[in-house]
Amino acid sequence: MQELGKAEHSSVRVTPKGDNRVIIEKDISSEEMILNMGPQHPSTHGVLRLECKTDGEVVIEAEPYLGYLHRCFEKHAEMVDYPGVVPFVDRMDYLASMNSDFAFCIAVEKLLDVEIPRRVEFIRVIVSEFNRIASHLVAIGTYAIDLGAFTPFLFCFRDREHILNLLEWTSGARMLYNYILIGGVAYDFPEGFKERALEFVKYFRPKALELQKLLTENEIFVKRTKGIGMMPADVAINYGWSGPMLRGSGVEWDLRKEDAYSIYPELDFKVCVPDGRFSDIGDCLSRHLVRAMEMEESLNIIEQSLEMMPEEDGFDPRAAIPKRIRPKAGEVYGRAENPRGELGFYIQSDGKSTSPLRCKARSSCFVNLSAMKELSLGQLIPDLVSIIGSIDIVLGEVDR
Amino acid sequence: MSTGALLPNSFPLVMSTNLNAWSDALSELHLFGMPFGLIIIAAIPLVFIALYALTYGVYGERKISAFMQDRLGPMEVGKWGILQTLADILKLLQKEDIVNKSADKFLFVIGPGILFVGAFLAFAVLPFGPAFIGADLNVGLFYAIGIVALEVVGILAAGWGSNNKWALYGAIRSVAQIVSYEIPAAIAILCGAMMAGTLSMQQFNLLQQGEYGFLHFFLFQNPIAWLPFIIYFIASLAETNRAPFDIPEAESELVAGYFTEYTGMKFAVIFLAEYGSMFMVSAIISIVFLGGWNSPLPNIGPLSLNDWTTGPVWGAFWIVMKGFFFIFVQMWLRWTLPRLRVDQLMHLCWKVLTPFAFVAFVLIAVWEIYVK
Amino acid sequence: MGDTQENIPQSGEVIAAKAVWQVINEKFGDAVSELDENPFMPFFEVLKREQWRDIALFMRDNPKLRFTYMACLSGVDYPEERKLGIVCNLESLGELGHRIAVKVKCDREGGIIPSVAKVWKTADWHEREAYDMYGMEFSGHPDLRRILCPEDWEGYPLRKDYQVQETYHGIKVPE
Amino acid sequence: MGLLDAKISKHNVLVTSVDNVMNWARLSSLWPMGFGLACCAIEMMATNASNYDLERFGIFPRASPRQSDLMIVAGTVTMKMAERVIRLYEQMPEPRYVLSMGSCSNCGGPYWKHGYHVLKGVDRIIPVDVYVPGCPPRPESLIGGLMKVQELIRMEQIGISRAEALKKLEEKSIDPGQLIQAARKGAIAS
């Protein structure tokens, strides 16, 4: 058994690999400067604030400050009824609303006794995977901006717009859908959705390749990301990392496989982990690669599910939705794989009221970001920006 | 061809193609006892910078970047948005001029001034065609390199005077970068000077003149010249703070770099200076390696393209076009590549470009002595 | 989620949780309560909360348990019992695959729970959040400050009897 | 009103045309501060990106508040953020405009009732010129809001205050409902 004090710093030190990390020789005495980064700063992805103690270009320590977007999700969840929580869930991770709704509905449906129609499961998976691609596109695009390349960002947003159009056609909203409801979805797919979706898949494959060429195969991009922000797998697990961040550290862990929820066990897709040929396992480049590969996998999932989806005429996706949602007393922790990692909901119900007694959102970004302090030790300011970008935070989910 | 041979009785302003005929004639023009011609000579580069920055520099950059990014760029302000930069400048004129309470007021105000003067003074030795040059110094090239380096002082003054941490970071980075890259740039230019055997800007052009057009350019005369050419181009990107070396104003890291605190007209002046020096380095590279105002077209039998496209006005056309071409390449790189890190930038400068520049220097010397 | 697919892994989950609980019960005896064998989220409660940190370390490092991953730590308010508490969802990620939930309770006013931030680093920020929202202290936490609300915020927002303050720095807060 | 103001407010031809040119310059190059708070910021980014391309109108985001004319408050302003928003507003040089984008910054939006940490409307701390409703507003409506800011600038003159300009805009503004109705009628007729 490890001693408490030691456990904290036993495996902290990041071992530099390759020649990409700078070694700073400190023989000139210099003064430290406190540099405040954010809440309004182009590279903090919203309103994160970092208080950096710097020595020249070197960040000695960066302390994140959160809460600039604390919108009291958990209070609202206790105040409104179960279906009313869904819009607030939307607004938590606003880049992947479908996935967030999915996670929340999984948690509530565990407590409720409802049979979900098979077609609904397919609809849910398809829209979630579309949203996953859209979210990764934003992540990759903004990461490119952080590293100084502006054009890939616009390419990403151009392609994302196609997904938003598809989802808007289905749900009626561009970003915050309120589409996946407890026990069903709001509407069936519109007529001709399958063709348009397949058309998008066909359109997007070469575009993803183009993006790879612009970024991943770019020498400067690799130089800026390879070997930066190293995180060994055991420390990553101890930090509670999940999603692309954990997979970037080489852990083959995907809730779609592990929890096997919805129809994912029937689908053929692989868990993307970097193979270490192109990047050092656990660095910023690995995380970027995982996201890039996951877009491909999502396309595969979409294609398969569109093929396998049962066709039903006059299908009512709201049929299974209970009239009055009042789960039996109990506690549940339900979770799903979000683009940023594991989004879990701890819900406590007393069996009497129609609103949860307690609803805690376990946000993936919040947990992933908590390693920021350790990752930033002794990095340069440009590397700090690179690391924040690779964590891919959405402040709405961090602060909730 | 002789230099500076003036025919006093002809109409040099209209038809003479003699070297520096227009500028020499202008410099002797006096009105009401004032050296009116000199003022015009001084005003021409100024007007040129302003016009070029307004049209090609800012508007062109916005359009080019937009087309690269699947967009349209400015469209609504005037036809195809051509009045966009004019509106920007007029607006910046109207903005409140903020000087921080905690700023060093003298440095804060003088910073943009030095920047602009530095960028502008270099144009004195820039030959706008065979018939016009501000000052045909015999050390013109040396002067141009030296005066562009004056910008460093302006940037440091602006960054330090702002009393803003981001501006300070930007200024320090910029100074380190520009001072370092002066070395490979200067050595690469020296290679050109060795090939020419002169430092006068006009002489460079004359030496690359000939009926076979581009074949007379130093770049095609000497196979080794490609090496200093590429080194100088990379170094010039760093000297003008363009991507992938735009770390002094790295938007995602340093907000806006050394001009974070500048508002209104001061900001516009900094921008103008930046575009001015962008053109200057592009002009230097085209003069030293690509024949300056000489037409690149060769005479092919009866088609004497070279003769047809040579003359004072054609000269101005060619040098501006060559400059614009390099600016286009700069923009192209800027909108494609990510940004390097500070230490990688220095690594590139000291461990790659500088040794290669020395190698090029020696090789060119050997070529000039033994091969040519 | 379909019921038919649901039941099989869930019952397995309860069986695994029971095995886990037995190992812990052997070591700590009275310090832990009986296992609540509900199908949604099997959990046990730490009755002697001083021992919570030891239990946590045991759960992380014992080769039969290996709870390497803390999925979630939620603060909870129990107004009827006049208590506050935390619920931890633990999992053996990638090794043994089982999961279990642990509850720790403390007094409503001035309650102290041992911190497990040095056992699972995930707990660091989650405990800060629980402190921010409910106001229980975590002894041994490296940096116990408010995390989401401002430092000078009044009250603990997620307590059931929370009354929102009227103004904050001169800005009107409610409606 | 000072003597000069009185002279100027007579609005002779010269002053008015200078006004027009100056207003044209300002409305043609509105540089917003690249400042995103929440969900609306993503829609703002989408509006800046290729498909909607705000640069068509000369709108070009700047990272530094010192170089921007317009503040788009895109998203929920929380109590913790409120003081920073005020400071950012104060750092902008005059003439400056504020566009409140989305329900959250208009009035608190869905967080109106139970959002203890949410500022119920950014107009409680800084003056807002144009409100854009929506949660989040579509890029089209953001562009519509920016057009409204341009209209407001068009109403401004030397010697009249922002409040008067707003009043003028209110009087002169065109009701889009009528235009839509007319277009619809035309469509039905044809």
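We call the chains A, B, C and D, going by the order they appear; numbering starts again at 1 in every chain.
Note that a residue touches a chain if its C-beta (ideal position, glycine included) is under 8 Å from a C-beta of that chain, and two chains touch if they have at least 3 such contacts.
Just so it is clear, the structure is predicted and the values come from calculations on it, not from any experiment.
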Centroid-based (C-alpha) most distant chain relative to chain A: B
Highest-count interface - the chain pair sharing the most C-beta contacts: A-C
Centroid spacing, where centroids are CA-atom means, of chain A and chain C in whole angstrom: 23
Separation of mean Cα positions, chain D and chain B [Å, integer]: 39
Geometric centre distance via CA averages, chain D-chain A, whole Å: 32
Whole-Å gap separating chain A and chain B, where each centre is the average of the chain's CA atoms: 46
Multi-partner residues of chain A (each touching 2 or more other chains): 42, 67, 70, 72, 75, 154-155, 158
Contacts with two or more other chains, residues of chain C listed in rising order: 148-150, 157
Per-residue multi-chain contacts in chain B, two or more chains: 69-71, 251, 255
In contact (per the touch rule at the top): chain pairs: A-B, A-C, A-D, B-D, C-D
Residues of chain B touching chain D in the complex: 62, 66, 69-77, 81, 83-84, 86-91, 93-98, 251, 255-256, 259-264, 267
Complex contacts: residues of chain D adjacent to chain A: 33-39, 41-43, 45-46, 49-51, 63, 65, 75-76, 78, 80-81, 84, 88, 110-111, 113-118, 135-136, 138
Contact footprint of chain B on chain A as seen in their complex: 22, 33, 35-36, 41-43, 57, 144-151, 154-155, 158, 214-215, 218, 220-221, 223-224, 380-383, 385
Chain C-touching residues of chain D, taken from the complex the two chains share: 79-80, 82-83, 112-113, 116-117, 119-120, 124-125
Partner chain A, residues of chain C touching it in the complex: 1-3, 5-6, 9, 38, 40-41, 43, 53, 57-58, 61, 68-72, 74-77, 87, 89, 93-94, 97, 101, 118-122, 124-126, 133, 140, 142, 146-150, 157-158
